[in-house]
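Shared chain: chain A. Partners: chain B in the first complex, chain C in the second.
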Partner chain A sequence: MSTVLTVLRKDMLLELRSLETVPAMVLFSIATFVIFHFGLNRATIDGQLAAGVLTVTLLFAALLGVNRLFVAEREQGGFDAFLLAPVDRSALLVAKAAALFAFLAMLEVVAVPAFGVLLLGPSLGPPLLGLIAVLALADLALAVIGTLVSAIAVQSRARDLIGPLIGLPLLIPALIATARAAGPLLAVHGSGSPPGKWVAVLALYDLVFALLAYAVFDFLLED
Partner chain B sequence: MIYGRGLRGLALVTTATVTVALALVFFYAPLDADQGFIQKIFYIHVPLAIVSLGGFVFGGVLAVGHLRTGDRRWDMRSYVAIHMALIFGIAGLLSGSIWAKASWGHWWVWNEPTLVSFLIVLLLFSTYQPLRFAIEDPERQARYASVFTIVAAAFVPLNFIAVRLAQQYVHPRVLTLSGGNLPGSMALTFYVSLIGIVLLYITLWRYEMAAKSARMHIRRLRRSLLDDEALPAMKRSAAPS
Partner chain C sequence: MDQPPAIELRGLSRHFGERTALRQVSLRVPPGATVAVLGHNGAGKSTLLRILATLLRPHAGEVAVLGEPLPRRAFAIRGRIGLLAHEPLLYRDLSGRENLRYHARLHGVGRQRVERLLAAVGMEARADEPVRALSRGMVQRLAVCRAVLHEPSVLLLDEPRANLDPAAGELVEPLIGRATGATRVLTSHDPEAALAEADLVLGLRQGRAAFAGPVAELDRRRLAELYA
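And then the complex of A and B:
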């Protein structure tokens, strides 16, 4: 546990000092909202369309973070140092997933209100709690799969290519569930709570892949 | 291990089963009252899709063997299983598309959960070869490929749940938990076709394994008899070596 916290603290400190990942993700998201405005030729959107735009934007912004997640470890010998240390290897997965989760949460703190101002027709106020719950589950899926895929991709030659290539199909079920769960929340006279079926699918997805990633992650570090 | 043993007998049994299956499809199974002749593609399409999905999961199981034992031969088996399943999957997707065009009037139908989830699974496993190709160290390539395969094999059932929940039922439910809803003669034809395609998969898997292990064997013999320079240079490939 202390290993997890140490690595997490290192990542947070690194991000705070270099400001490499989160600001890029935020700018990317806002630029994407602008593109969607012109691409769809709509001043406001609501319902399923709004949920889709938000989900897709957050997904692609997350991929930016995923691509950068292990770059410092690979370029500056962090992997070797970690393997030399007498600590549990799965701690790296947990710490990196927690870091990615935190990055995504920071991104959403800015990007979701920006979405509410720029594109969303109905007010963001009533469905906010439900939306936070859905996005938290979605972030967990993105963090787990993102960390796993990033750890695989960072050792390959075309790592910026391999990461999204594997990550996108793997994340499709989570994205279906997120978009469907957020759809009714963002409707004009929407309900305040997300549909239970999709929240359950998302939670199941998180659980299965978290356990699976925990089981196989060790094999990515053997050297 | 020699993979060629018994291959001829297996190949003959496969040929016989596939021939019988095709004969049943064309001469025994009744014409579908609603769709007519085109419905017969079902006897090829559905077994291809089932065998392809089974092949992906089979590859995942073999990959578990690789990670548990660290023996690279398991990686070879897993690679061949996925390679074959991909070929069967593309054939299944194309035959499904033809069936969709003939019976629903469109090449692609989005409100069709089985088709859509199959496409997603195929997209995921299509990244298997690029991933292998992008990792140069053979030992690491094998290990990473196995990790990917296990995650992707576990993804198959989860993906089907998610996509099926997302859409209405359009596809005829042939195999349900409460038993099939096919009339007897159609069911017989279907199961014979399924066995035929399964045998075809196993035969092709064994055949490729035999070819790959023979090639490696020859390479080893050459290396021990001749100098290293007499060996032809290995081409870069996604296949395990």
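And then the complex of A and C:
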């Protein structure tokens, strides 16, 4: 656990110094909401359409973070330095997934209210707790798959291409479950809590891919 | 009776695709000895160091470091190897002190050791500046600190004095020199300097061991052949 915290703390410090990832994700999200605003030619949206727009925007914004997740490790020797230390290699997976989860949470603190102002018809207030729960589960899926995909992609020269090409198909079930779970929350006079079935699907997806990532991550670090 | 070797290579080979980086290399290095690995650029020196550091797997042959066979028992020796590579393995946006504290935590080493090392290499005054703002020589001094933070028993030194002026070279000498008592494997583009501090020589030509033995047995003709 101390290794995870050590790597996580270093990643947070690096992001604080460079401000390369989170600001780019936030700007991308807000720009996308503006594009949807004009592209859909509607002042407001709600329900399943709103859930789809929010989910897809967050997913694409997350890819910016995924592509940069291991760049410092690759370009500045962080991989080698970590592999030289007598620590459990899985700690790198957990720390990087936690860092990506934190970046996504920071993104949503800005992007979700911006979505509420720019596009969403109904008020964000009543469904907020339910939406936070759904987005937390979605962030976990993005963090686990994103870390796995980023660790694969960073070994390649075409990392900007490989991340989305592998990550997006893997994330389709999580995308569907997130949008379906968030849809009723964002409807006019919608429910205050997300549908249990889709929350369960999302939670199961998180569990399965977290275990899978834990099982294969060590092999990805081998030469 | 012979001491068990600190490093033992038997028929070590390693390929990168079609290219053979190391071919059938054998060597025994006793504990505390220094071996100079000499050869042209691309002769396989850095590949050998990365295999000994457990960062690369051998494709054939046997490798043992501190009695532990690699890669099977790599975990057992990672904390006892120090690698000073071409790259400093430091984050450019973090300060020297932050970098060393990060590595110290990974190796279970206290902060006092970090401060002692910064003082030893004369970097206390610049230790809070981002690494990207430092000169190459200063970065190399920090890289030396990183490599020896955990007081390794085996030091793998790839061009250890690169970018260092004579004064800085003297500062790092107690940390990576013979006085450490560590078994050392060092490469250098300056063969005379490397031979001056070595007990053994491994001369590589196109991945093959063209010479492996005591420094005293490497005459000028054989040395010239390594670089022919």
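Just so we're on the same page, the second predicted complex is superposed on the first by the 223 of 223 C-alpha atoms of A that agree within 3 Å, B and C clash if a C-alpha of one lies under 4 Å from a C-alpha of the other, contacts with A are read in each partner's own complex, and residues count from 1 in each chain.
To be clear about the criterion, a contact is a pair of C-beta atoms (placed from the backbone, for glycine too) under 8 Å apart; a residue touches a chain by one contact, two chains touch by 3 or more.
It should be emphasised that the depicted structure is a prediction, and the values quoted were computed from it without experimental measurement.
Asker: Pick one for A:208: touches chain B only (first), chain C only (second), both, or neither.
Answerer: In the superposition, A:208 touches chain B alone.
Asker: So, does A:197 touch the first partner chain B, the second partner chain C, both, or neither?
Answerer: Only chain B; A:197 stays clear of chain C.
Asker: Check whether A:40 is in contact with chain B, with chain C, with both or with neither, and answer first, second, both or neither.
Answerer: After superposition on chain A, A:40 lies in contact with neither partner.
Asker: Who contacts more of chain A, chain B or chain C?
Answerer: Of chain B and chain C, the partner in contact with more residues of chain A is B.
Asker: Identify the partner contact of A:162: answer first if only chain B is touched, second if only chain C is, both if each is, neither if none is.
Answerer: first
Asker: Please indicate which partner A:13 is in contact with in the superposed arrangement: first for chain B, second for chain C, both, or neither.
Answerer: Second partner only.
Asker: Once chain A of both complexes is superposed, is A:132 in touch with chain B (first), chain C (second), both, or neither?
Answerer: neither
Asker: Which partner chains sit in contact with A:81 here, chain B, chain C, both or neither? Use first/second/both/neither.
Answerer: Touch status of A:81: second partner only.
Asker: Once the shared chain is lined up, is A:222 touching chain B (first), chain C (second), both, or neither of them?
Answerer: A:222 sits against chain B and chain C alike.
Asker: Does any part of chain A touch chain B in one structure and chain C in the other, and if so which residues?
Answerer: Of chain A, residues 222-223 contact chain B in one complex and chain C in the other.
Asker: Across the complex, what residues on chain C touch chain A?
Answerer: 53-57, 75, 78-79, 81, 83, 85, 87-94, 98, 102-103, 105-108, 130, 146
Asker: Show me the residue ranges of chain B that touch chain A in the complex, using the header's touch definition.
Answerer: Per the stated touch rule, the residues are 67, 120-121, 123-124, 127, 130-131, 134-136, 140, 143-144, 146-148, 150-152, 154-155, 158-159, 161-163, 165-166.
Asker: Show me the residue ranges of chain A that touch chain C in the complex, using the header's touch definition.
Answerer: Per the touch definition, chain A meets chain C at residues 2-3, 6, 10, 13-14, 17-18, 72, 76-78, 80-87, 222-223.
Asker: For a test of understanding, state which residues of chain A touch chain B in their complex under the given definition.
Answerer: 148, 152, 155-159, 161-162, 165-166, 168-170, 172-173, 176-177, 180, 197-198, 201, 204-205, 208-209, 212-213, 216, 219-220, 222-223
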